[in-house]
Amino acid sequence: MAAETITYLEAIRLAMRDAMADDDRVFLIGEDVGHFGGPFGVSTGLFDRFGASRVIDTPISEEGFVGAAFGAAWMGERPIVELQFADFVTCPFDAIVTVGAKTHWRNGIALPVVIRLPSGGGVRGGPFHASSPEGWFVGVAGLKVVCPGTVDDAYGLLRAAVEDDDPVLFFEHKGLYRRLRGIAPPPSHRVPIGRAAIARSGTDATVVTYGSGVDLALRVADALADVASIEVIDLRTIWPVDADTVLASVARTSRALVLQEASRSTGAGDHVVSLIAREAFASLDAPIAVVAPPDTPVPYAPELEDAYLPSAASLRSALEALLAW
Amino acid sequence: MPGDPATAVVLPTTDDPSVSAERRIELFRVVLTHRVMEERIMTLYKQGRIAGSVYTGRGQEAVGAGAGLALGADDVCAPLNREMSCHIARGVEPAHIFRNYLGRATGPTRGRDGNMHFGVPERGVFPLVSMLGDLVPVVVGAALAFKRRGEARVALTFFGDGAFNCGDVHEGLNLAGVLNVPVVFVAQSNRVAYSTRTEMAMRNPNLSERIEGGYAIPCARVDGTDAIAVHVAVRNAVERARAGGGPQAIEALTVRLDGHAAHDDGRYMDRDLIAEYGTRRDPVERLAMRLVLDGVPRAEVDAVRAGVIAAVAGALAEAESAPAPDPADLANGVYASPLS
Amino acid sequence: MPGDPATAVVLPTTDDPSVSAERRIELFRVVLTHRVMEERIMTLYKQGRIAGSVYTGRGQEAVGAGAGLALGADDVCAPLNREMSCHIARGVEPAHIFRNYLGRATGPTRGRDGNMHFGVPERGVFPLVSMLGDLVPVVVGAALAFKRRGEARVALTFFGDGAFNCGDVHEGLNLAGVLNVPVVFVAQSNRVAYSTRTEMAMRNPNLSERIEGGYAIPCARVDGTDAIAVHVAVRNAVERARAGGGPQAIEALTVRLDGHAAHDDGRYMDRDLIAEYGTRRDPVERLAMRLVLDGVPRAEVDAVRAGVIAAVAGALAEAESAPAPDPADLANGVYASPLS
Amino acid sequence: MAAETITYLEAIRLAMRDAMADDDRVFLIGEDVGHFGGPFGVSTGLFDRFGASRVIDTPISEEGFVGAAFGAAWMGERPIVELQFADFVTCPFDAIVTVGAKTHWRNGIALPVVIRLPSGGGVRGGPFHASSPEGWFVGVAGLKVVCPGTVDDAYGLLRAAVEDDDPVLFFEHKGLYRRLRGIAPPPSHRVPIGRAAIARSGTDATVVTYGSGVDLALRVADALADVASIEVIDLRTIWPVDADTVLASVARTSRALVLQEASRSTGAGDHVVSLIAREAFASLDAPIAVVAPPDTPVPYAPELEDAYLPSAASLRSALEALLAW
C-alpha cells in the first residue's frame, strides 16, 4: 500500500495541528484564521478542532497582534502568528525587530513566537502579494529565519520552530503550497533550525538555495546529470546560516552558485555570497554566480512574472557558464 | 417587473433637490458601469483570462460614484478595491481599467500590477497600495500641499471598517485634524473585513461617532447604497474642506454582497443583510427607481443601460487588443531619476 | 515651614478610607524613593558618571507608585521612562536600578542598555522599548495568556499623551477590547510630548473620553499627582479586570516638571502649570501632608525621609561597586536557544 | 583670513536652509523640529526663519507623517522628513518600502522625499538610539540611500537628495555631528547621488566604507602610510552602489576590506563584498576582509560600546592581515 501523500500546505496544517495537540501553550492568531481557515486555507479545520481560544481571529492590526504574540510568549505561551501575505510584514516590522529580536539579549526574556509568512511568486500576485521579503531579517540578531523548500521540511521546521525559544520567521512559499507533494512525516519529525541539508550530492559545483529554489535546483541538476555532477545545498534556515555545510560543499566542488527567488540585492543571496567569498576564497575556481530576479518589485502580468522569476532555463545557463569558467 | 415603482420592492434613492437631473443620470451611468464591468471581470476570471485575484464592489458602487462625482477636476483621490466607480467618476476610461486587469502594456501599470491596484496620475488618482491604511496619511499629505500653497483643492480617500483598526488610519486621521488640511475621508462600513464581521473586530463599530469623538472631525453617516445621499454628503464635505473647514468625513453604510474576492463565496455573511442589500438596497436599482420616479422616460433609462453595456463591451474589446508587456522593459522606471 | 498644614500651600492627597495607614506610608516611601533616586541620577549625569541620556519622572512619581502598588505579586507590568516608582513598588531594588544607569555587569541588562530601559523578569516587569506604543500590544498579549489559561492575573502598562497618537496604541487598545482580556492601561497625561504640547498634537486631548468612546474601555480620569487617588483608581480597575471585566483604563493628569531629558531645560513648558504642579501639587509633599493630617507624628514622617535618603545612598554605593561588563560576553544571549 | 569652518551638523542645517530658501516646495516635517529645533538641534533657527508652514511639528506618528510626506510629494512638494533617531525607522518602515519605493515603478508617480535619519553610535545610546539600520534599505528597488561621511558630503548630498526625484534615505551620523569640522561649502555645492569618491588614493589595498567609517579609514590609512599605500573608497551612496568606482579600485589594488559601523551581517557590507567577489574575482589576491561590529544590538555601557564599534586598532590589524595574506 502506497504511503499517504500530502501537500506542502497540508504539511504546515498538520504541523500546527500536532503542535497544538501536543502542547496547550501553542495557539494560532491572525486575521481570518478561524472559521474561514485563512486566505489559503492553511488553518482549515483547526478552529473546529481546537476552538476559539486556540485559533484566534483578530482585527486588521498586524502591529497589535504581533506585539500581543510577544506578550503572550513572555508569559510562557508559544503562539503561532499568521500574516495573510509575507508582504505585509512591513506593517509589524517594528514589533518584530524591536520587541521580538532584542528582548532576550537585553533582558533575558525568551519570546518563543513563530510568525508564518506566505511568500513568493508564481501566483500572479504582483508587487504586494508575491514578494520574498525574508532578506530584511537576515542579519537581525535575535531572530531566526526559516524557508522550507520541501514537504518534509515544511512539517519538520515548523515543529522545530514552535519548540524553539526564539522568535522564528517561517516563510512558507505560496507557489509550493499545492505543487509539492510528499509522504506525510511522522509526528516525531523535526528539522533542526540552523542546519542546512545536502539535498543532492555532487562534485562539480554547488548550488546554494532555499524555499522555491530547492525544487528548481534539483530539477535542473537532474537534467544536467549527464554533463555535470551538481550538489544542491538547501539552506532551510537562512539566518543564521549554516556556514559549515555551505563551506564544506564549496570546498569539495570549488564552484558555487546562489539561487534565490528574492530580487538580486535582497534575500539571503549577498550574505551567502559574502560568506563563501570570505571563507572559501582559496577553494574557488570561478567567481560565485547568482541567479535571482532583477532588482524590481514582483510584476503581475504572466509574461512579466515568468520572465522575472528564476527558471530552469536561466538556472541551467548560469550553471553551464559557471562550469565552463 | 424590475423598475416598476408599483410592484418593485426596491427603495428609491433620496430625492435631494440639489442634485440635478443630469447628475442623477450621471450617477446612474457610473454606478451601472461599475456593476457591468465587474460582471464581465468575474466572467473573465472564471474563464482564466484574468490571473491572480479579483475583488468586486457589488452593493457598494454608489459610494465611489457619489464621492467621485463630488470632486472637482483639480481635486485628487485614492480609491481602493471596492471603488472602481470612483475611477469612472473621475473620467478614467473603462478600457484603461480593463487593461490593468488584463495586465497589458498600455494599461495604467503597464502590466506591473493587477486588478484595482492602479492609479491614473493625470486624473489625480493615486494607485492603491495593498497594505491597508497606508493611503490615509498619503491623502493627508496631498491636502497639506494644497493648504501650504493656498490652493482651493481637496484630497479624498476611502477606508473600510476593517482598515479602521490599522494604526495608519489612526495616525492619519489625527494628523489631518492637527494640520487642519482639506481632506475628506469616506469610511466604507460594509459590516465585514474579509471573513470577519465588523462587530467581531471592534467594540464600537459606529465609526462616525468615533471619528467625531476621537479625532474631532465632523462625520456624517449616510446610507451608502443611496448614491444621491452619498453624493450630497460628500459634496458638502468637499465644499467645507475647500472653504477651509479642515478635514471632513462620511461614513457610508453598505453591505459587501460578494465574498472578499473571487475565490471566496462569502458563506459566512449575514444572510438577512445580504437579502436586504441585494434587493431593496441594490445601488443600481435604487437609482433606476429614482429616475423613473423623477419622470425620466423608461426608454431613456433603458437606453442608458444599453449604452453602458455596449460601452463596456467595447472597452473590453479595446483592452483585449492591447499589447502584452515586454519583459525587456521591466527594470525601467524603478527610479524617476535613474542613476547614470 | 514645609509640611505644616497651617501655612503650607500644598494640597493634601485625597483621604480615601479604603487605603490603609500602612499603604499610605508605603506610597510615600515609593514616591519619595523615586524622587531622591532621580535627584542623585541627575547629579551623576552632570558629573559625567552616567553616560547617554537621563529622563526623569519629576511631578509624575505618584502615578507609577499608585499603579505599581495596586498590582498583586503575580501580576505583570511594563513601565516606561517616567515610572521608576512602578519598579520600586514592584520590589525592584534601587541598587538594581542604579546598576542599569551605571551600565554594570550585574544590572538588569548587564550594561547592554541604560537608564530606564530595563525590565526585571523575576518581578514581572517587561523591559521598556524605546519605540513608543510597542508595549501596549505586548501587555495585551500577556493578558491574553492569563485569560486563555484561566489565571486571575492582570497585565498593566502606561503610555504618554504623546504616544497616544501612535498606531500601536490604537491597535493595542482595540485588540484589548475585542479579546476582552484582563489588562489595565494607565495614560500619563502630562500635557506634553518632548517639546510638543499635547493640544498641538491632537484635537481632542481628553483621553479618558476617547478611550471610553472609541474603544469602549472604561476609563477613569484622576489627578495623577495624588498618589492615593491614583492608587484607588488603578486598584479598582485591576480588580475589575481580574474579575473578568475586560480591559480597563485610567487617565492620570500630571505635568512633566523637568525637560524631556537631561539635555532639555523645558523652557517651552507652560510656566503656570509648572508653578502649580511643582508646588501645590508636588506628589511627594501632597503625600507628606496627608500623613501629617492623618496624625502620623512629624518625627515618623521625617524618619521615613531620612530612611529613604540613606537607603538610596546605600544603594548607589552598592551599585557603584558593581563590576563593569566584560566585552567578551557581548554575543552571549542573542538567542535563548543558541544554534550549535 | 582663514575660511569659516562648520560642523557636519551645521552643514546639514545649512543645506536645509539653502534648499528651503531656493525652493518653496521644500519643507521640513517631523517631531519637535519647530521651535525646539529637533532633538539634536539640527533644525535650530529654521522655524524662526521660515515659519510654521515650512517647518512643521507633528504628533508622534511616524507612519502618519512619513506617509503624508509622500502625499505632499505626489502633489509636487519636496518634503524633508526628520526622524528623531534612525532606529525609529522601523515604525514607518511600511510607508517607506511600500508607498515610497514602489509607486514610481508601478505607476509613474515620482515621490521626491528626503528622510533624515540620525544614526550611529559612540554616544552611549544603547540598543534603540545608536543603531545603523541602513542595510534594510540596501536592495530595495525605488529607494536611494546615502550616508555622508564628511562635512562637504553632508551638505552636498543633502542638497542633491532634495533635488532628486526619488525617495532618498539620508543617514546622518550622530557621532560625526560635532566631531567633524570643515570649510562651509558654497551654496552651489552638490555631491551626485550614486557616485562613490576616492577619499584617498592608494595602491596596496582598498578600504570600502561609508558614514563614520570614512574618517576612521583615513586616519588608519595615514597611520599606515609608511608600510602600505591604502586607497579609501567612500561609497557616499550605499544603494544603489557605484560598482564602477569600487571595482576599478580593487582592480588596481587587488585587495579589499569593507569597513562599516553596522553589525557584521547588516549594513551594506555583504552587498559590497558580494559585488567585489563576483565582479573582481580575477583581480583579488586575498579574501575580502570585513571590519564590522559583531551581530548584536549596540550595547550601552562605554566599555561595551567601545569594544563593539570598529576602532583604529581593529581596522589596523585587519588591514595588516590583509596586506600580509
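The letters A, B, C and D name the chains in turn, as written, and every chain counts its residues from 1.
Here, a residue touches a chain if its C-beta (ideal position, glycine included) is under 8 Å from a C-beta of that chain, and two chains touch if they have at least 3 such contacts.
Owing to the predicted nature of the structure, the values given are computational and were not obtained by experimental measurement.
Chemist: With contacts counted as defined, which of the two, A-C or C-D, has more C-beta pairs across the interface?
Modeler: Of A-C and C-D, it is A-C that has more C-beta pairs in contact.
Chemist: Of all the other chains, whose mean CA position lies farthest from chain A?
Modeler: With centres defined by C-alpha atoms, farthest from chain A sits C.
Chemist: So what's the Cα centroid distance for chain A and chain C, whole Å?
Modeler: 41
Chemist: Would you mind pulling out the distance in Å between where the CA atoms of chain A average out and where those of chain D do?
Modeler: 31
Chemist: State, to the nearest whole Å, the distance from the C-alpha centre of chain C to the C-alpha centre of chain D.
Modeler: The answer is 37 Å.
Chemist: With chain centres taken as the means of their Cα atoms, state the distance from chain B to chain C in Å.
Modeler: Distance between chain centres, rounded to whole Å: 46 Å.
Chemist: Indicate the residues of chain D shared as contacts by at least two other chains.
Modeler: 58-59, 61-64, 90-91, 94, 98, 102, 105-106, 127-128, 141-142, 240, 295-297
Chemist: Residues of chain B that touch two or more other chains: which are they?
Modeler: Correct list: 109, 112-113, 117, 129-131, 165-168, 171, 174, 178, 200-202, 334.
Chemist: Within the complex, which stretch of chain B touches chain C?
Modeler: Spelled out, the residues of chain B in touch with chain C are 165-171, 174, 177-178, 200-204, 209-210, 213-217.
Chemist: For the complex, give me every residue of chain C touching chain A.
Modeler: 76, 108-109, 112-113, 117-119, 121, 126-127, 129-131, 134, 136-148, 155, 167-168, 171-172, 174-175, 178-179, 333-337, 339-340
Chemist: Quick check: in the complex, which residue numbers of chain A touch chain C?
Modeler: 27, 53, 56, 58-59, 61-77, 79, 94-95, 98-99, 102-112, 141-142, 144, 164-166, 193-194, 240
Chemist: For chain B, which residues are in contact with chain A within the complex?
Modeler: By the definition above, chain B touches chain A via 51-53, 103-104, 109, 111-114, 117, 129-132, 162-163, 165-167, 193-196, 200-202, 268, 324-327, 330-331, 334.
Chemist: Hey, which residues of chain D end up touching chain A in the complex?
Modeler: On the chain D side, the touching residues are 90-91, 93-94, 97-98, 101-102, 105-106, 127-128, 135-136, 138-142, 239-240, 263-266, 269-271, 273-274, 276-279, 281-282, 284, 286-290, 295-297.
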